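See structure below.
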Amino acid sequence: MGVVIEQELGTVHGDEMILNIGPQHPSTHGVLRLKVHTDGEIITQITPYIGYLHRCFEKHCENLTYEQSIPYTDRCDYIGSMNNNFGYAVAVEQLMETKVPEKVEYMRVIVAEMNRIASHLLALGTFGLDVGAFTPFLYCFRDRERILDLFEMLCGARLLYNYIWIGGVSHDFPVGWVEKTYEFLDYFEPKINEYNDLLTYNKIFIERSADVGVIPADVAISYGVTGPNLRGSGVRWDLRKDDPYGIYDRFEFDIPIGTGAMGSVGDCWDRYYVRVRELEECVKIIRQALDALPRDGDVHAALPKKIRPKAGHVYSRTESPRGDLGYYIASDGSDIPSRIKMRSPAFTALSCLNEISRGWMISDVIAILGSLDIVLGEIDR
Amino acid sequence: MSGQLIIFWIVTLVTVLSAATVVFSKNLIYSAVALLFTLLGVAGLYVFLWADFIAVTQILIYVGGILVLIIFGIMLTHRITSVRLSHSSMQRGIGGAIVLMIFVGLTSMIFRAPWYRVAAVEPQETVRQIGRLLMVDYLLPFEVASVLLLAALMGAALLSRKVN
Amino acid sequence: MVDYFLETFSEITWLASSPNLSFVLAVTLAGLPIFLFMALNALIAVYAERKISAFMQDRLGPMGQGVGLHAGKWGILQTVADAVKLITKEDIIPATADRKLFIIAPFILFTASFTAFAAFPFNEYLVAADFNIGLFYILAMGSVGVIGIILAGYSSNNKWSLYGAMRSAAQIVSYEIPAGLSLLSVIMLSGSLAFRDIVAAQTGTTLAILPNWFILDNPFTFIAFWIFFVAGVAEVNRTPFDLPEAESELVAGWMTEYSGMRWSFFFLAEYANMFIVAGVASLLFLGGWLSPIPGYLEGNLWGIFWFISKVSFLIFVMMWFRWTFPRLRTDQLMRLCWKFFLPASFVTIIGVGIWDLFVR
Amino acid sequence: MDFAGIIGIINAKFGEGFASIDEEVSADTVRLTPEQWGQLAPFLRKTPELFFDAMMCITGIDEGVESENLAVSYNLHSMKHNHKLEIYVSMPKSDPKVPSVEQIWRVADWFEREVYDMFGIEFEGHRDLRRILLPSDWDGFPLRKDYEFPETWHGIVINKMKEGWE
C-alpha cells in the first residue's frame, strides 16, 4: 500500500502542504477522502477519492429479480430512501408500461415529499454544523424525527423503507395517518421561520456562506450538477415541473431559485436558501395531495404477478432531494435485469468540488461540501 | 537561610540551566522552549530586585510576544526543525582564551568594585513612577521611539508582501 | 492570603521558630484552594454547559434515573463520572510525537492559568497574593498559555494539530492587543493596576440610583467593556472564535492527539481561562464584589456572592454565544480584530481621556 | 424538437444514414461506432439548434457473454430546448476504445472513469483515467459478465456466495 500512496502524492511545490481530509473526518458526511493541496490555509487543488462505501449495488442488481433490488436502492441514498424507491419503481414501470392506480400515485407523492422535507432538514442542519452552528442541527433533527415517526407508523422502518413497490406500495396508509400528517404540516410550517431566525439571517452565517463557492450556471450544467444545487445557481429547472413523472403535473407549486440575495448567484447561501424555500413548497404539495387523496382503492391492485419486461432499455429520471436521480435499466427479456445503472445526483455534484473550491480556505471547503449536500452511500453505491 | 533565599537560588538555577540548554541543545525547538524558562527565571530575578512592573513586562512582551513569534517562525520555516545544529568551532584555542579573559576580568571587577550599599527598602508604586517618567519627563524620546518602531513595522510589512 | 497565613503562623510558637516551614506552608495553603477551585469550576461549568446547551436545544441533557450506576438525579454526577473516565483512560502518546514537548505542553498551559489565579480577588480580602499590579500580572500570565498551545500542536506531529496551533497563536496574539487596550480606559479612570483600587473607585452611585460601575461611567467605557469581553471570548478560543479547535474543520485542532489526563488539563485550563476573562471583566467594569444596589447587601460574604454571580452571568453569556453562533473564518477573525476592535479600542482610550477632562 | 428532427439535423451534416435508429434496442436511440461518436459529440454540444448542454448519464453495458461486445450509452439532454437523445456506442471486447468527451461535458470526467473502472473501456483523450470506486490496484473489471471473483485480496480471503441464495 505504501507504494500506492506514494504514487498518489504527485508533485508538491515548495510551499504546499498536502492535507488528507478523511476518510474519517467529522464533516465529510460519510467516508470520503479529499486530498487537499494547501498553501497556508488556501487551497490550490482538491482531489476527491471515493469508493470507500462501494457496496457493488450494480453488480448485486444483475443477480436479483427486479423487485428484489428495491431494498438495495434504499441503501444508496439512505437519507431520501422513498425517493430512491420512487425513481426505481417509475423506471421499471416505464419499461413494463404498467399503469398504477390513482390512489397509489397520490400516496407516492405524499411520502416522497415528506422524505424530501426530512432530507432537506438533514442537509440544512449539517450545513449549519459544518460552519460551526450546533443548535440549528438539533432543531432540524427534532422536526425530522416527527417525519421518521410517521414513516415508522406507515411501514415499520425509519430509514430504509422498501415502501414503494413496482406497480404499487407495500401498505395502505394506516388509520389516522392522514390526520397525523395534517397535524405535522400545521406544526412544521411555522418552524421554517425558526430556522431562518436562528441561522439563515445570522450575520456570521451569511459571512461564512455568501459569495463562497460560487457555481456559475454554465459550470453547473457542464458538471451535471442538478437539483437544489443547480437551482441555487439560478437555473429554474425541476423535473417535477419540466419533465413531470407520476402526477406531479397536477400540483401547484413554485420552483425557488438562487437570486444572490446575500452575495452572488450560486453561492453556498443560495444553495442553502433554495432548500429552505423548498421546504415550504413541499408542504404545499403534500397539502394538495392529501386533500385530493382518493379514500378507497387497493394499493396492490396493479402489482404484477411476474416482473418480466420485454427486451430493451430505459433511462428514467426523477427529482430526488439531491437532484436528478436516473436509472438506466437494460432488460434481456428475463426476470433478472441485465444491467441497472444508477445515476446519482451527489456523484456529479461532488465531481465539481475541485473546480469551485480552488483558492478558498480549508474552512470554506468544509462549508462548500456541506452546501452540496452529498450522501456517500449514493456516490459510491 | 530564609525561605526567600531558597527561592532565589531555585530561580537562579532554573535561569542558568535553561540558558545553558538554549545554547547547547541540538534541537531548535527545544532551545526555544528552554528560552521560555530562561525568560521566566529572569522575570523572577526582577521580582527580587523589587522591579515587579519590569518582571511582568518581561513576561508579557518577551514570552507572550517575542517567544511566540520565534516558535511561530520555527514552525513555519520549511523543515528547519530537522536541521541538526552543530557546535563545532574553528578557533577553539583563541575563543577559549578570550572567554577566559572576560571571565577573569568580570569576576575580579565584581569583587573589587566598591558597591553602593543601602538598606533594602521596598519602593512603593513603581508603576506610577514609571508612568510619570514616560509620559512627562521623557515624553519626546518615548514618542520618537514609537515613530521609529512604526517605520520599522511598515518596512517589514512592505518587504514581506508578495509582489505579483 | 499568603501574608495572612504568615501573620497567623507567627503567632503559633512551634511554627514561628522556623520561617522556612511557615513560608512553604503559607504558599501551599494559599495555592491549594486555587487548584481545588479550578477543578470545581470546571466540574460546575461543564455541567452547566451541558444543561444550558440542552435547554437551548430542546433537550434535557444528562439525566439520571433511579439509583445505582446512574449519574445522580438530573445527571448531577455526570461530570464526576467524566472525570473518573478521563483519569482512568489509557495514556496515549503517538509514536511519532515529540515525547518531551508532548508531555510538557499541557502543564505549561495549565500552570499559566493556575498562576494567573494567584492574583485573583474574590472579595476585598480573599486573594491568594495581593499584588499592586494584579491586573497587569493576569494579562501577562494569560499570554504565557499560548506557548503551551503551540507546543501541543507542534509536538503532536499531526497536520490538524499544527493548523490548530498556528490559528490559535495568531488569534491569541492578535486579540491580546484590543483586550489590553480596552482595559486601559478603566486604568486611566482608576489610576491603578491593583484590583482593590479599581473596585474601590467604583463604589457609590451614579445618576442617583445606578451603581457607579465603570461600564455605566461613560459611553466609551461601555464600548470598552464589549471590546474586552468579545476579545476575551476570542482569547479563550470559544465559539464564534473557536477556530483553533473547530471540530468540523480541524477534527479537534491542537488537542487532536491528546486524551485522558493530559487532555483534561487542557479542559481545566479552558474553563479556568473563561473564569479569568469573566472575572476581569466583572472586576473592571461590573464593580467586582460590589453590590448592584449601592448601600445594601454588602459585606465580605455578600461580596463573594456578588462577584461569583457576575462571573457566572458572563460565563453564561459565553455559553449562550457558543450555542447560538456559527464560527468565523480565519481571515474574517483577523479582519474583525485589526480593522474594527483595534481602532475602536484606541477611540475608547482617547474618548475616556476627553470625557474625563471636559465633560465631567 | 422531436427525435426525428434531431436525426434530420445530424444526417444533414454528416450524410444520410450516419445515425441509424435501432428499433430493437429502443425507439429513440442512435447507434454509432466509436469513430462516429468522436465526430458527432462536439457537433451535438455546439450546434445552436441541438445544444445538448447536459450529459445526464453515461452507462457502460456488457451485452452478454455470447455477443463479445461492450457498449457505452450516453443520455444527453438540452436544458435550452428540453429535448433528449440517447447515443449507443458498441465496440468489441477485444479492443474497447471510445473517444473521451470529458472536455466537452465536464461531468463525463467521473462518469467515464467509472465506466473504465467497471468495464475496462478505455476513453481515448481522457486526461485523468484512473479507477474511481475500486482500489487502484484492483484486478479486472467487475461489471463484465465474464468477471471471475477473486479468491483473496491482499491476503484477505473473500467468502464465496453461499449456495442456494437467489
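Going by the order they are written in, the chains are A, B, C and D; count residues from 1 in each one.
Keep in mind that, in the parts below, contacts are C-beta pairs under 8 Å (C-beta built on N, C-alpha and C of every residue); 3 or more make two chains touch, one makes a residue touch a chain.
Keep in mind that this is a model prediction, so the values were computed, not measured.
A separation of 71 Å divides the Cα centre of chain B from that of chain D. Chain centres here are Cα averages; for chain B and chain C they lie 28 Å apart. For this pair, chain C with chain D, the centres built from the Cα atoms lie 63 Å apart. Note: centroid distance chain A to chain C, computed from Cα atoms, is 45 Å. In chain D, no residue touches two or more other chains.
The touch graph of these protein chains is an open line. Taken pair by pair, the chains that touch are A-C, A-D, B-C. Those residues of chain A that touch chain C in the shared complex are 17, 19, 25-27, 41, 128-135, 138-139, 142, 198-199, 202, 204-205, 207-208, 361-364, 366. Contact residues of chain C toward chain B in the complex are 19-20, 23-24, 98, 100-101, 104, 108, 131-133, 136-137, 139-144, 146-147, 150-151, 154, 162, 165-166, 169-170, 173, 176, 192-193.
Chain B meets chain C in the complex at residues 1-4, 6, 29-30, 33, 36, 40, 52-53, 56-57, 59-60, 63-65, 67-69, 71-72, 75-76, 125, 127.
The residues of chain A lying in touch with chain D in their complex are 1, 4, 7-8, 50-51, 54, 56, 58-59, 62-63, 218-219, 221-224, 235, 237, 242-243, 311-315, 317, 324, 326, 328, 330, 332, 338-339, 341, 343, 347-348, 351-352, 355, 380-381.
Across the complex, chain A is touched by residues 24-26, 29, 53-57, 59-62, 64, 73, 75, 79, 82, 86, 105-107, 109-110, 118, 131-137, 142-143, 154, 166 of chain D.
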